[in-house]
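Going in written order, the chains are labelled A, B, C and D, and every chain counts its residues from 1.
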Amino acid sequence: MDKRSDHRGPRLLRPTRRAALQLGGAAVAMPFIARLAYAQKGPVNVGVVLPLSGANAQFGVNSLRGIELAAEQINKAGGIKALGGAPINLVVADSTSTPTTAATVGQRLITQNSVVAILGAYASSLSIALSEVTERRDIPLLTMSFSDQITSRGFKNIFQVVAKASTLGRAQLTETAEIAKDAGQTLQRVAIMYEDTAYGTSQAAGIRETAKQTGITIVMDEAYPLGITDVTPLINKLRGADAQAVFPASYLNDGLQIIRSMRQQRIGIPVIGGAGGYIIPDFKQGLGEFAEGVLSIAPGSHDLAPELTAEFRQRHGYFMTHEALEHAVCLSVLVQAIETSGKADPAAIRDTLHTTRFDQGWAKAMTGGAVKFDQTGLNTLSEPLMVQWQGDDLVTVGPSKYAKKKPIWTA
Amino acid sequence: MSAPVATSPGTEPLLSVEELHAGYDAADVLHGVSVTVGMGEFVCVLGANTAGKSTLLRSVSRLVPRSRGRIRFAGTDLMALPSHAVPGLGIAHVPEGRHVFPDMTVEENLRLGAFAVRHDPAISGRFDGVLRLFPRLAERRRQRAGTLSGGEQQMVAVGRALMLGPRLLILDEPSHGLAPIVVDELHRAFLDIHAGGTAILLVEQNTALALSVASRGYVLESGRVVLADTADALADNPRVREAYLGI
Amino acid sequence: MRPSLVLAAVALTVAALLPLTLDPAGYLIRVLTVTLLFAAMSQAWNIVGGLANQMSLGHAAFFGIGAYTSTILLVNYGLSPWIGMLAGAALGAAFAALVSVPTMGLRGHYFALATLAFGEVMRVIANSWPSLTGGPAGISVPFAPDSLLMLQFKSTLPYYYLMLAALVLVTAVFVVTKAGALGYRLRAVKENPDAAEVVGVDTARVKTIAAVMSGGIMAALGTAYAQFTFFFDPETVFGLGPISIRVALIAILGGIGTAAGPIVGAFVIIPLEELANSWLSAGTAGLSQLVYGILLMLIILVQPRGLVAPVEALAARWRTRRAR
Amino acid sequence: MVVIQALVDGILIGGVYAVVSIGLTLVFGVMGIVNFAQAEFLMLGMFVGYLAWAWLGLDPLIGSVIAFAVVFALGCVVQHTLIRRVLRAPPVAQIFLTVGLLIVIENAALLGFGSQFRSVTTPYQTSALRLGDLFISVPYLAAFLMSVVSGLALWLFMNRSWYGRAMRATAQDGMAASLMGIDADRMRRIAFGLGVGLTAFGGAVILPYFTVHPTVGAQFVVLMFTVVVLGGLGSVAGAIVGGQAVGIIQSLSAMAFPVQLQNLVLFLVFITVLALRPQGLVGGAR
């Protein structure tokens, strides 16, 4: 059931090393990059720090699958051309869902494996802890964590390829209001419930802020502990709240519990999930027909670039989840930065990342078809998407310029 | 050393302990003890507190971690068995300190006594027998054993042992800490049990009482048998009289 | 001179010189620094867990209090973490005194389970009070240039010495406590609480003093941790697995109640975890943790009294032989 | 009305908490071991239930029987190969071993089952009975009824069968039990198997509404300890009372406080009960 072992580590390198040698021969003929080719005889080490065990393991594994797919494609296509076809060598480390470990393994990758950059670490708390190490060692860190803190600390070596959580939260509400308006309804009273993690709270904050600005009343605003074993009290509160729509931010287990309990109590108002567990294949698998019509905000979606993400589905049997996609984007952008700067040097890569617009490879799968970081390291082109479960698939339904299908408003 | 006092002529000893060395930690408590109990016999073991009487009984029930020598019961070598296999042979052991199951009712305690022979149809008859023997237990049938008085707990312990329908009943200090009137009641019960054909091996600090019910006895000192004789002879023995009867 | 003192002096000299051979901002030194920190934490736990035989599974509560106190003071008032450390230690000690009240009469497993709730209570509070703690999003130590006053350095080397000093200090406190009157009373309480009470040892007071010392030190170490990692969230510092159980495991593995136990335990567990992670984590997910868990179980099956026990037994035999 | 709804919800979920916690208290009662890995057996039970659903198409409520059987057998093996060896060791070594076991089981599950969150789809997953304004969730009710049935079965076993009585005897006085011809080792094996098996059973019956993944145990571990300590460590009846207490506290406290503080309320009650009645609410009576 796990095909990962088929396409990783050494096998990943074997065919391309040969390619690298051939190209390396060609490089010697070109004097101006000969020195670089000499310096880059071997592959370019890229660090990958992800939670491969512990509570976030599923997302870590998916992320790794995305990165591996991208790495394989890059290596198959002849590696990094500016470095004479040097292949990408992923150095993977398990951050185990613990921030301290994320920092320590980050340190290890930097000093033991001389990585030129690090990708990771899915969860915001892990990425922030990791960034404290990468910042002090001047190693670029590319992440798809969406906490606002990532790029608000004035760090120079961190790059956030997706919109921040508060932006996601804002879009979650405004997009929903749009969809409701199109369906002839004015959104006035909403409920929010969120797990008390960095992700849940910052997203809820975004919704709350936007509601205040747009005059929407929040009739229920409940945080609940991560790993809640019984959501009934939440749903009882929701039942009494008279909301027109509910915005839950949670991972899968709570998400499924919330939908099931709502359906049991015949609460039919639209559900607009906050990414997390609402946009992974298991959501549909767990709920079956009851997943139909559930909306969610998403930082990225596989259907924006079917030509890129199809291979993932073919290989793993499910659509490319957003974390897999965005991690592939991280690697792709990194490689483009190396190509542009012409050297596998962390400082050069960082400067290139700050100044260049990347529109090749996986960057095309992002909104705007490209990635462009500002001085804080935030991708300014990334816009949140509204996705919806329709039939067996998760489809993009908003904003309208990206929509693949029309949204269904069930109220 | 051990006087060859034969069991009743013509019968095999039911229990025979030969040259038993046994102990817990580094040092042995018993240093070559030999004891026999004949079929249906009532034997007592006397001695001071640290003489090793309990260790002898516990060795028979395989509760002592280290032992060597020979222990045979009705033709079976006990040395090779784990403790939980012993009751199945027909040995019931009433331990020192009673050890009733405190959070179970009297009835549950009694019924557990028959665990080793749980498929025996005679159990229910035996249960009635025990209640006849100790009518007080019948009154307290549903009471938790831990809430009973010491004497009642001892009755539970003895009754529980009888539920096995044992061929040998081992009693370790059954009258310890009990009121004289209860002690009398218990010893009358022991005589009844013995009269029913059950062999008894009794360790008792009340030497006079022990010698009054047993037919034969051993005296243990520092882990060795120093005297072995009939109860009457022991009662007359000056050494016994001085050291254990205080006469 | 006693052999254990010689051994300690040698170990300390090696520890002091070792980093000179390592990359000052490297990985090995980071692992060693974390190891020293956990050794110190476990040693602090040892005052309650080893001397008083109170198996605390809630020491993360004190640790987190220390980390949050200094960081909040730093973020909001720009106070030096050194001051924050003192404030944190005071709060940690006060909290220890407070929680001693309901747990005083508990023994064995009951005590362990009651303390389990303390770290969890603190975690819930830190999570639900974002205006003070930053909530579940965590809190970052503001970036500052290298400064001893602000306890912030770019290189790992100063942290190494900081943690080493902390370990030496805590170990000294432990040794002195153990040898002193308090240690004697704690032993009495540990051996037989009822008898201790009879001979006039105020068991409640003795246990509270031990808890206060342990809690205060643990909180101070929390500050050291915050300044070392620059970022933490409630889960990290109040976590059951990452902190509370781990510091207890380290002491147990090494041998509780001995000064060497937590140090030996930390130098086995932390590097073991790292090794398993660095060798196996690129492989199948979960393999490194699986191997780590199996090794833990093997160690405890082979040596249930801790790694220091056989060495001590050996030393004791050697001493008695020499005495003859 | 709202209060009644909250009470009913609390009682239903409390029944489930009770059944997953009974095993923990049973293991402690018979062996004096606090099994920190207990919640991992809940996870294993959930996985067995899930696989029975995914491969054999069995409803988790039926799969729970398979979960019980499989984990029972596994528990016997674990007891025999691991736990038995630390029964005489200091409590700290016991804690250490079971924590090691926790790490091993969790990561073995990660290796064996993958990191995916898995959930079953049942026809009744979104059904509820409606009594006036009262909603009774069918998955909750089913889990509750299964818990009641298993609780009754356990009670009958412990009080009416030879093995059950023998197990209680071993718990109360191991030496006396062996004098009754009871193989204490075997009883401990069965007790551990039964303890973890029941927890696994409880795991499978919550599958219709709960997702399984290798770290799901972490969501239950503190809860389970709270239940057994509230009721009285070692007391099976206590676990039932404790489970109900936890369920009702969680449910009612959500009406007065934010749901986020649910566990805080629970822990405060927990510490208070421990301080005032360390033997638990129904301590003493086993």
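Everything that follows uses one rule, which is that a contact is a pair of C-beta atoms (placed from the backbone, for glycine too) under 8 Å apart; a residue touches a chain by one contact, two chains touch by 3 or more.
For clarity, every value in this text was computed on a predicted model and none was experimentally measured.
S.K.: Any chains in contact with both subunit A and subunit D?
M.R.: C
S.K.: Of the pairs C-D and B-D, which shows more C-beta pairs in contact?
M.R.: C-D
S.K.: Starting from the Cα centroid of subunit D, hunt down the chain whose centroid lies farthest away.
M.R.: Using the mean of the C-alpha atoms as each chain's centre, the farthest one from subunit D is B.
S.K.: Per-chain C-alpha centres versus the global one: which chain is nearest?
M.R.: Checking distances from each chain centre to the full centroid gives D.
S.K.: Where the centres are mean C-alpha positions, what is the separation of subunit C from subunit D, in Å?
M.R.: 32
S.K.: Using the average of all C-alpha atoms in each chain as its centre, how far is it in Å between subunit B and subunit C?
M.R.: Centres of subunit B and subunit C (C-alpha means) sit 54 Å apart.
S.K.: Can you give the whole-Å distance between the Cα centres of subunit B and subunit D?
M.R.: Roughly 43 Å separates the two chain centres.
S.K.: State, to the nearest whole Å, the distance from the C-alpha centre of subunit A to the C-alpha centre of subunit B.
M.R.: The separation of the two C-alpha centroids amounts to 76 Å.
S.K.: Return the residues of subunit D touching two or more other chains; collapse runs of consecutive numbers into ranges.
M.R.: 107, 110, 115, 214, 218, 258, 260, 263
S.K.: By residue number and range, which residues of subunit C touch two or more other chains?
M.R.: Residues 124, 127-128, 284-286, 289 of subunit C each touch two or more of the other chains.
S.K.: Which residues of subunit B are in contact with two or more other chains?
M.R.: Touching at least two other chains: none.
S.K.: For this structure, enumerate the chain pairs that meet the touch criterion.
M.R.: Pairs flagged as touching, ordered by label: A-C, A-D, B-D, C-D.
S.K.: In their complex, what parts of subunit D are in touch with subunit B?
M.R.: 162, 165-166, 168-169, 172-173, 175-184, 285-286
S.K.: Across the complex, what residues on subunit C touch subunit D?
M.R.: 49, 55, 101-103, 105-106, 108-110, 112-114, 116-118, 120-121, 124-125, 127-128, 240-241, 245, 248-249, 252-253, 256, 284-287, 289-290, 292-294, 296-297, 300-301, 304-305
S.K.: So in the complex, which bits of subunit A are touching subunit D?
M.R.: Within the complex, subunit A contacts subunit D at residues 1-2, 52-55, 57-58, 60-61, 196, 222-225, 227-230, 232-234, 236-237, 240, 251-253, 256-257, 260-261, 263-266, 277, 280, 282, 285-288, 290.
S.K.: Considering only the defined contacts, which subunit A positions touch subunit C in the complex?
M.R.: That would be residues 2, 4-5, 9, 52-53, 57, 60-61, 91-94, 96, 98-101, 103-105, 107-108, 110-112, 124-125, 128-129, 131-132, 135-137, 147, 149, 153-154, 196-198, 200-202, 223, 225-226 of subunit A.
S.K.: In their complex, what parts of subunit B are in touch with subunit D?
M.R.: It comes out as residues 61, 63, 82-88, 92-93, 95, 99-104, 108, 111-113, 115-116, 118, 160, 164.
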